[in-house]
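Quick one: this structure, given as structure tokens, is what I'll be asking you about.
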Amino acid sequence: MQKKFDRGLERTRWLAGITVFAVLGLVGLLANPYVISLMTIVLLFTFLGQSWNLMLGIGGQLSIGHALFVGLGAYSVGVLYVKYGISPWVGLLTGMILAGSVGASIAWLSFRFEVRGIYFALLTIAAAEFARIMFSGWEFVGAMQGLFFAAPTGGIEISMLRGDARFYYFVALALAALGIIGTEFISRSYLGYVWRAMRDDESAARALGVRTFQHKILVISLSAATAAAGGGVLALVQGSIFPDSIMGMGLSVDVLIGPVVGGLGTTFGPLVGSLAAIPLNHLMSALGDSLRIPGLNNITYGVVLISVIWFLPDGIWPAIVRLCKAIQGPPTAWLWQSRKVEE
Amino acid sequence: MLSLWLNVLASGILLGLVYGLVALGLTIIFGVMRVVNFAHGEMVVFGVYIGYWTVRLWNVPIIVAAAIAAVVMFAFGYLLEALIVKRFVNRPHHYQFIVFIGLSLLFSGTLLVAFGPDPRPTASQLSFQTVSLGLVTLDLARVQAAATAGLLIALLGAYLKFSPFGRSLRAAADNRLGGLIVGLNIPRVYAVTFGIGAACAGVAGALISPLFDAQPYLAVDFTLLAFVTVIVGGLGSFGGALLGGLVIGVAEAIAALMFTPSMKTALPYALLIIILVFRPRGFFGAKEI
Amino acid sequence: MTTLLEVENLSRSFGGLVAVKDVSFSLRAGRITALIGPNGAGKTTCFNLVAGALKPTSGRVLFEGRQIDNSPPETVCRMGIARTFQIVRPMREMSVLENAMIGAFSWTRNVSEARSKAYESLESVGLAAKAHARTDQLTLPDRKMLETAKALSTRPKLLLLDEVMAGLRPTEAAGIVGVLQKLAEGGLTILLVEHVMRIVMEVASHVVVLHHGAKIAEGPPEEVVADPKVLESYLGAGFHA
Amino acid sequence: MLSGALLAIDGLCVAYDGSCALNGVSLQIHKGELICVVGANGAGKTSLIRSISGIVRSSSGVIKMNGVDITGMPPWEICERGIAQVAEGRQIFGSLSVEENLLLGGALKRAKTGQSETLDFVYQLFEKLRERRGQLAGTLSGGEQQMLAIGRAIMSKPEVVMFDEPSIGLSPALTDVMFGVVKSLHEQGATVLLVEQNVAKSLALANRGYVLENGSIVLHGSSDELLTNPEIQRAYLGL
């Protein structure tokens, strides 16, 4: 009976996922340029949120310096492409390897003496800030003046990952889809089970034979590498890289808002959260600009974060799921029962 | 050459005392409540603005501005704890972090709305005065800030060590269950602790208002600086915060002399990473995290 | 019968306090041994020393002839020693089945293999019907059995149980006794740390009694319970009425 | 029966995420009595003490002190009403000095007057503590820490003192000393609730006793009745 229940749920999830992405695809084809550019950012931050979520929501390790990995990805793509004309594909790969190894080293440094929790989180920001300052002073990568990509010529070049805004929208969409499928895949594999066990109770997990030291390093480097991939694409979309915006504290906060607002550790949380938070932020900063009130978007973000943790501590997405279950609980239960009779 | 080095060292130590006061606020809050105040930098900046406005409106000495900052920020911290932070004290660390990130965005946004993004220099009477001690020449504002910070650190230390309330505070930090057993009013202890932490940050902010222009964007730097300071010294340790402040102050001053300005800001982080490699819990780190 | 585990002159102190002093015993394969003693006797410390959660101050622990007392808990588990925790600690956000699967990943990476092993473990403790429940929906005895099922999924040769019956009603405890007996009949070696003696009487074939960190008696349960030293440690001097 | 008692508990239930730790416990202590609650590990002894002192919230039931309902009060107000405890695991402040620990015990309003006399009394009771007054409490031996925990409870000038397994982890000689202390406190007029697993020793001291099993009181009677009751042996040894 339980197997069938799972299968029913499975079918609903697939249907929901496919519908969402079909709608997002239509948006890419039909929407106006403003919506396209906004949604590109939403989708990219969905992917970045996913990578952060992998680390905290599944692996149980808090990073508040994810900008480090995003920035490494962005600079790898930027430097190789702008300075040497090497394809961003190579840049993405380089960035992932680089960020993955940096993530692994930070994790190793920290967990070697079983330093965890707050110290680890503080170490992640310290590393990010250190990198930001170093990049700000490094002339070769443009220092504070930043790196600029040449404006796209108009045509779409898959091999060079260059194209117009719509092209990048679909790249971001593909990335977000890949993120969601990848997260689902990982949480169903043995890694997902082992990581969640480690997140919920580390010493109990160790007693069941989980080598938590290795797994923590693994989950952190995987998260770092995927964040770098997102950062590389973000740099291409924005057409420029500045150390303060791509490696700053602000970006680290932007990365975690989606999953926190949407739902920690859930597959769809980062998407839902980014969809809710990023347009709101854009709206508020536009409003702030027109009213000449510069801090309005900060205030809104702050209030949203506090209220979500206060009223919906597990995020919007789980609340939606609960609501759906409450509304259509009895009829679907009846549906499953009837199916049981058939089979 | 010697006098240059001595000057740099002395000004580093002076600023280090103020950093120590900032870090002390953070470390007291953490030691008692096991909460990391991510909005600590905003509280420093509140202090800087209090310094700026009191001096501008009433032309009072900085010491008076610092006293006003202490009172205002204590009340602010107390209320903030009793109204908001309280609800999140027993939640997992990542929830607390997110709440504090929210608070810090809220505060910096409010500062932006109220005062705009432009830096405001405080016109203190001391701004251009200096004192000379043999080879060393120091500006008076810095000396005064450091002296006041040093005095406050000593007073706070004595208060915690010898007063009945300081005893309760240390008891709550040592063993919360034990505190409940002897009948400590834990919520009140927590609110006062948070008030003291905020007041430390606010006073430090007012003291440095002649040295740093009041500006909302300063907050992030102060938060990070306080983090680095307490990690270097060891989270939750009184002496560690002071030592961390001095180390960071001196390191910054030396770096400013030897490297480019950007390297100066990077040095504390580099120092932090080096320390974490060799002494992962800082000089006086607390055992439990 | 062969000796599976040997504890030789084990001692452990915390600060100045000696929690376990100079304890030796051995576990024979295929039988249930109980480690008993009143509160604070050092049972749990002893248990944690065997399970690799604590390092001894002196003495050795040998499992199948190999020294294990310096190995971390995950290594000890992978060698074939599984343990439960006195305070039940299910992974909160995972279902009963998922909880039971984790242990299986110490020997396989195949999820469906782990799932069927988890079903098997749950079945052997009588929890298969609740496989898809959330862990906070379980009753206390069920949670204790889930702990055992989690441990069984690691395919242990030796199962260490830390007070699985503390806080249970006699009828509930009887159910667990049945489960343990069946596991032992299947060839599993079990070390049981227990405070309540009457349960031990029913299941254990060999009993080691600790008091104030030292071994005060060892032998078959009927003999041990008649030992005046043991009576005194439990009920206090002068209680022979 | 409820009216005359100093501390009266009626139908107390405590639950931790779904499972019941206490299930309808009722008991009374009269002024000047020494009663003991005996039970095995996990029977709910610590839950009983923590719910009386307000550290753990009860899900139902009433606790009255001197006729006043104290159920649901915060722990510091309950302490102020004269209920002190010597907790499981001692719960002393290891990084504070011995004297500071004692002063914290006496920080309540009710204990403010005559604090130095109470301190003197504690030091008379435990000479060891006077010798080590300046030393950090964490450096004391197990027995000394237990004495400190008792002294700290006395400092609050309580009407009722609750002891949660004072003999745990102590050597036989020290256990005797500890029971001697409990006895002498009682003889000096203190009302004592002693929670223990050492049945013989605690019943020997007590006027009355309760047997706690799986969160419920299963037996209740005078010490002599309980000492000869075969149920007790069954409950502990399974004979």
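Labels A, B, C and D are assigned to the chains in the order they are written; within every chain, residues are numbered from 1.
Note that in this section a residue touches a chain if its C-beta (ideal position, glycine included) is under 8 Å from a C-beta of that chain, and two chains touch if they have at least 3 such contacts.
Note that this is a predicted model, so its numbers are computed, not measured.
A.B. asks: Taking CA centroids for every chain, report which one is farthest away from chain C.
C.D. replies: Relative to chain C, the chain with the farthest C-alpha centre is B.
A.B. asks: Take the average of all CA coordinates in chain B, do the same for chain C, and state the distance between these two points in whole angstrom.
C.D. replies: Roughly 50 Å separates the two chain centres.
A.B. asks: Please compute the C-alpha centroid of chain A, do the same for chain B, then give the distance between them in whole Å.
C.D. replies: For chain A versus chain B, the centre distance works out to 33 Å.
A.B. asks: At what distance in angstrom does the C-alpha mean of chain C lie from that of chain A?
C.D. replies: Using C-alpha averages as centres, the distance is 43 Å.
A.B. asks: Make each chain a node and each touching pair an edge, then name the shape: line, ring, star, complete, other.
C.D. replies: ring
A.B. asks: What pairs of chains are touching here?
C.D. replies: Those chain pairs satisfying the definition are A-B, A-C, B-D, C-D.
A.B. asks: Help me check something: in the complex, which residues belonging to chain A touch chain C?
C.D. replies: Checking each residue of chain A against chain C gives 2, 5, 188-190, 193-194, 196-197, 200-201, 203-212, 265.
A.B. asks: In the complex formed with chain B, which residues of chain D make contact?
C.D. replies: By the definition above, chain D touches chain B via 53, 55, 74-76, 78-80, 85, 87, 91-96, 100, 103-105, 107-108, 152, 156.
A.B. asks: Sort out for me which residues of chain D touch chain C in the complex.
C.D. replies: By the definition above, chain D touches chain C via 17-19, 21, 40-44, 141-142, 165, 168-172, 197-202, 204, 214, 227-228, 233-234, 236-239.
A.B. asks: List the residues on chain B that touch chain A in their complex, please.
C.D. replies: On the chain B side, the touching residues are 36, 84, 87-88, 91, 93-95, 97-99, 101-113, 116-117, 216, 220, 224, 227-228, 231, 235, 260, 262-263, 265-266, 269-270, 272-273, 276-277, 280-281, 289.
A.B. asks: So in the complex, which bits of chain C are touching chain A?
C.D. replies: 51, 53, 72-74, 77-78, 82-83, 85, 89, 91-94, 98, 101-103, 105-111, 114, 131-132, 150-151, 153-154
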